[in-house]
Amino acid sequence: MFYYNPKDWLNAIFRITKSDTIRTLMPSLVFMALYSWGIVYLEVYYLKLSETSYAKDLTIMHSLLGFAISMLLVFRTNTAYDRWWEGRKLWGSLVNNSRNLAIKMQVYLPDDDQGTKTFFRQVIPLYAASLQKHLQKQSTKFQLDEKPHPELPDFKDNTHVPNRVAESIINKIYDLYKHKIISGDQLITLNEEMASFTNICGACERIKNTPIPFSYSSFIKKFIFLYVITLPFGLALTLGYFTIPVTTFIFYVLASLELIAEEIEDPFGTDINDLPMEKIADNINNNVKEILK
Amino acid sequence: MFYYNPKDWLNAIFRITKSDTIRTLMPSLVFMALYSWGIVYLEVYYLKLSETSYAKDLTIMHSLLGFAISMLLVFRTNTAYDRWWEGRKLWGSLVNNSRNLAIKMQVYLPDDDQGTKTFFRQVIPLYAASLQKHLQKQSTKFQLDEKPHPELPDFKDNTHVPNRVAESIINKIYDLYKHKIISGDQLITLNEEMASFTNICGACERIKNTPIPFSYSSFIKKFIFLYVITLPFGLALTLGYFTIPVTTFIFYVLASLELIAEEIEDPFGTDINDLPMEKIADNINNNVKEILK
Amino acid sequence: MFYYNPKDWLNAIFRITKSDTIRTLMPSLVFMALYSWGIVYLEVYYLKLSETSYAKDLTIMHSLLGFAISMLLVFRTNTAYDRWWEGRKLWGSLVNNSRNLAIKMQVYLPDDDQGTKTFFRQVIPLYAASLQKHLQKQSTKFQLDEKPHPELPDFKDNTHVPNRVAESIINKIYDLYKHKIISGDQLITLNEEMASFTNICGACERIKNTPIPFSYSSFIKKFIFLYVITLPFGLALTLGYFTIPVTTFIFYVLASLELIAEEIEDPFGTDINDLPMEKIADNINNNVKEILK
Amino acid sequence: MFYYNPKDWLNAIFRITKSDTIRTLMPSLVFMALYSWGIVYLEVYYLKLSETSYAKDLTIMHSLLGFAISMLLVFRTNTAYDRWWEGRKLWGSLVNNSRNLAIKMQVYLPDDDQGTKTFFRQVIPLYAASLQKHLQKQSTKFQLDEKPHPELPDFKDNTHVPNRVAESIINKIYDLYKHKIISGDQLITLNEEMASFTNICGACERIKNTPIPFSYSSFIKKFIFLYVITLPFGLALTLGYFTIPVTTFIFYVLASLELIAEEIEDPFGTDINDLPMEKIADNINNNVKEILK
Amino acid sequence: MFYYNPKDWLNAIFRITKSDTIRTLMPSLVFMALYSWGIVYLEVYYLKLSETSYAKDLTIMHSLLGFAISMLLVFRTNTAYDRWWEGRKLWGSLVNNSRNLAIKMQVYLPDDDQGTKTFFRQVIPLYAASLQKHLQKQSTKFQLDEKPHPELPDFKDNTHVPNRVAESIINKIYDLYKHKIISGDQLITLNEEMASFTNICGACERIKNTPIPFSYSSFIKKFIFLYVITLPFGLALTLGYFTIPVTTFIFYVLASLELIAEEIEDPFGTDINDLPMEKIADNINNNVKEILK
């Protein structure tokens, strides 16, 4: 992720970034332009349909369905953004949790127990780092897939590293409790921090391995396709060659919204819009190092 | 569930999966096409209504109500998706809770108490498995129905298996507490995990046995039916035989949205869009086996 | 409540249930049809307004306001459904809470203390039953009304039964604690279950005694009325006698949405869409009996 | 607040209550009617613009912006209602919390400690009463205002009464703990009730002293004004004198939605739509008196 | 922030505040007016396109996309407002938390331990003050940016002051526990207040350093730009010189919504709409001083 200036309009409008939808869509946009040209040529110059042809009013259908397609795309946008923002919240909780655990251990541990302090100084940031790797593994993505994936490089080695790290944290805390370095009351105050790591990991996995229901994803694409492919039939007689940019632009808008949603709904990748997990893990490392000493 | 690639447009557009709405709707679509043909024939060729007939502007009604029907369908889509996603979240919590309980038991139990470890290694995954079976039983679905259902195969045997499993878990933990293997402070740190199983089960049951209010479900269907059935009257004079694909397509879109919502709102079945409960239960099993040893 | 099959379209479309809005609206629909007929007769046959009369374009107003009225109705639908679903969630929590308390008491109580077990076996389902009665009392509905209601049958006897039951549960648990049958740590693990009953009851009361602000309820009705009453003026010259079904249908849709919302927003009644509180209380009874023995 | 019957349509439509928006808007509606009349006279009778004048199609702008203004008003409606409902929820929590604390104190306190019981019997309802007064003070409203308000009657005396009451409750509980009347475990079970009072008060203050951002409030008003003021220019040539009621009605709808939102978004006043805080405080008093004896 | 009167329409409509979007947009509005004039001149007076030219119906595109752009802007408005309101809630929690901690310390500490009381009297408000400074530092904003920012004045000194303050609070509380001034039960009742500070800080940082995904921000701007830039082509033949105010007004509305969203989505700045953090910190200071004495 890079921090962009939301008030820089010129840049936003005219700069085509690497992941801009216009790049991905370019071949389809060209195809749509050619296709529209074909329909216009056919209707207006070849068949010479008059202005009173029934075909002229076909756009009624697109008006009546305009609401439905817009709302569906906003539904798509909302759910995709919600996942992205939930992912961000989860990594925010990870920061909070790491900080709180570090502060508590710094306070609870005797000043001279450098060994244990070093342990927590290393193991707390390790959780964030291992969670990042875990989420970017292919096998995490296909965790709930019914098809087997022997082609995945990490298919065999499916040790759940974050769980291991969480276990070692809880183990160490319990050890301190068993040796009376922390009291039972203190153990209780650490309970939430202990459980929180695993809860965050599970929620991230859920976002990663469960895209929105296939029915919606597939229906929205079918709907956009049929909507746009039928557009030039009605527009050709009204707009002539203007049909070409109009159809292409409408297709660009509808397909872009779907494309962005697709990219946003999995926030744990390496795209420009994905969450800066590495940066956050770095910050956790810095914070913990600053606190525990 | 199978993990689909959200970026594969060609597949999404052209592949007709087993549960595609176009399959379910095919007979209705054929009927709608025939019906539209009938209306067009009647108005244009039989009655020979002129272009200035009052009937021509009937589409005003469909324009004015276009907002209402679209919004109602988006309301339907949102509530259905919310249930589906809540179901997914609940099973995610089940994963987290199982992992946390396993980690804590692994840490709290003495290394040589293999008996108790084996107990938890078996009973934690058992909860997920029994919850899956419980949710797929017919008697769970009709739990709140006022009509009796003696025809159900599991009508007699209505033991609540997940409750039994939860009870045995809590019982064992209390046993450990009574025999001083875990302390009172540790019992408190296990409290949330103990209650969580039953809370998750209850929430899943709620989603399963309570569809959205019958009034809405019924009104939306009535509305779609009346909306589409009156469409060709107005369109026939404007679009001629183009009325047939237009009406059919609008019907396809509206009915598909309702159909998908119906399928999604009960996420605990065995459809392609339903939650991969078996896979999740498997993962819980693997995780717990990896942790508790 | 009866469990309906959401996939049964024919039934939903053609069966007119007891609480169908078309029944309630029938007189108004007849009035609206007659009224529209009157306007059409007046404009077209009596005044013989020509097609170029200014009146013809009055529908512009209805187009411009079509968005607003649809959105307002969806706002109404969303808030009503949210209350209904929140009510369902609350009764779901009651199930979970009752089960959890029963499981814990079954585990915590000595096997031979049949007296206390019998107490909980009876008093836990009693809470659900008393809450149902409490919510269906007229005096609960008018709890926050500024006008006095001496006409209510239960005006005098305003003992808050659910509070009493909750008190007796907490009292018994504290008694067990005082007599060292349960330890302090166990008392803490029971804390959430103790407070939960009263929280659920308070939240249900809130839904029951607070309809959406009168301003909105009244404005929406005024808006629907003025919108529909002015419709035939503009439509008469365009649609002729078709104005009658069109106006009536639009009125049917708008008024139905408001009517359903009214019914749904108070989910604690005895309508077909209301929550099956009795059934849920029965299930709690069965579950508790199965657990506590 | 008075409890209205949501199913009484006639009353809702024809009764003009004291706070009805039509009263507040009357002068503006009259102005708008006169203004529209002026524009119609100017365009149609003075300038005698023909039907083919460019001015005729100005309504295109209002169509294109119709979506935007409707959605903005629904955004306004949603946020205002959310605040109102959140306020209601907070006072509901206050009821729950007061009841729970009363039940626990009734159970925990020895039967003969009438002094302490009397203390809680008085101080718990006092919190609700003092919170009501606190929220209705002018100084609470302007708490975050950057301008000084020496004109406020309660400017000097800014003691935070609810905080004082909360402190005395916590103080008494701690006292009981110090004198071993309640144990440490019991203190822990009272923790949530202790913190809850202050949390509720803070959340109410937040709703009271923070209206929605000035930018939105101001932009929506500007937008409505410009939208309505330009309406007659386009409509005059199409609708003639019908422009007058049409413009006035559209203005009535848009302004009403904004007016209601303004009234609802601060639920802690004394309007007809505001929360019945006094009534709720009364109920708390009755409940606590019934429980603690 | 200044508290405005939401019912003052005249002020809202006619007063142009410092941060009014019309100021920021003025150059663009002027450009848009000139650009529209150019297109009208070109089409109507230079090319003399007839009314039957294909260009006349280009507005169809703007109608079809009108839904999409409005919904996208409402999506933008909703997410921006949600962040703003979440920020306000977080600072509200900070108030509650500070008050609760102060009340508890006042009650728990012996009357004569003025030293510790003075410590908390100073350090609790210090948290709010340091959090404000932390959120307004440039380095907090660019925390997750991948580009280095050596130009920032606070680049070097990246000590996390709020963490330090939180640590000193927790340290002091633990100290009191170690010296038996507060008991283990009391430590547990203070646990939530201890963790809360860090959680609030982390959530504020999340809002500050994560704007909505660049794809959306950039796509919305591109869409507005292309939508408005193509408007005059279609309108010129229909509206003549009226195209100029119409295009400018539509641009004003669309761009204003985006501009306001941009300003609102980062609520921790010093704009007129930003949260009054200094005022809230002041209030915390006053409250704590009043409580702890």
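When the chains are written out, they are named A, B, C, D and E in that same order, and each has its own residue count from 1.
The rule is short, and it goes like this: a contact is a pair of C-beta atoms (placed from the backbone, for glycine too) under 8 Å apart; a residue touches a chain by one contact, two chains touch by 3 or more.
In this text, all values refer to a predicted model and were calculated from it rather than measured experimentally.
Student: So if I look at the partners of subunit C and the partners of subunit E, which chains show up in both lists?
Tutor: Under the touch definition, subunit C and subunit E have D as mutual neighbours.
Student: As a multiple of 5 degrees, what angle does the CA superposition of subunit A onto its copy subunit D give?
Tutor: 145
Student: Provide the C-alpha centroid distance between subunit A and subunit C, rounded to the nearest whole angstrom.
Tutor: Using C-alpha averages as centres, the distance is 36 Å.
Student: Could you state the distance in Å from the CA-based centre of subunit D to that of subunit E?
Tutor: 22
Student: Which positions in subunit D are in touch with at least two other chains?
Tutor: Each of 63, 67, 71, 74, 184-185, 188 in subunit D touches at least two other chains.
Student: Using the touch rule from the top, order the ring's chains starting at subunit D and going via subunit E.
Tutor: So the chains, read around the ring from subunit D toward subunit E, go D, E, A, B, C.
Student: Inside the complex, what are the residues of subunit D that reach subunit E?
Tutor: 54-55, 57-58, 60-61, 63-65, 67-68, 71-72, 74-75, 79, 141-147, 158-160, 163, 166-167, 170-171, 174, 177, 184-185, 187-188, 191, 194-195, 198-199, 201-203, 205-206, 209-219, 221-223, 225-226, 230, 262, 265-266
Student: Contact residues on subunit A for subunit E in the complex?
Tutor: Within the complex, subunit A touches subunit E at residues 1-4, 6-7, 9, 12-13, 15, 17, 19-21, 59, 62-63, 66-67, 70-71, 73-74, 77-78, 81, 84-85, 88-89, 92-93, 95-96, 99-100, 103-104, 106-108, 183-186, 188-189, 192-193, 235, 238-242, 246, 249-250, 253-254, 256-257, 260, 263-264, 272-273, 276, 279-280, 283, 286-287, 290-291.
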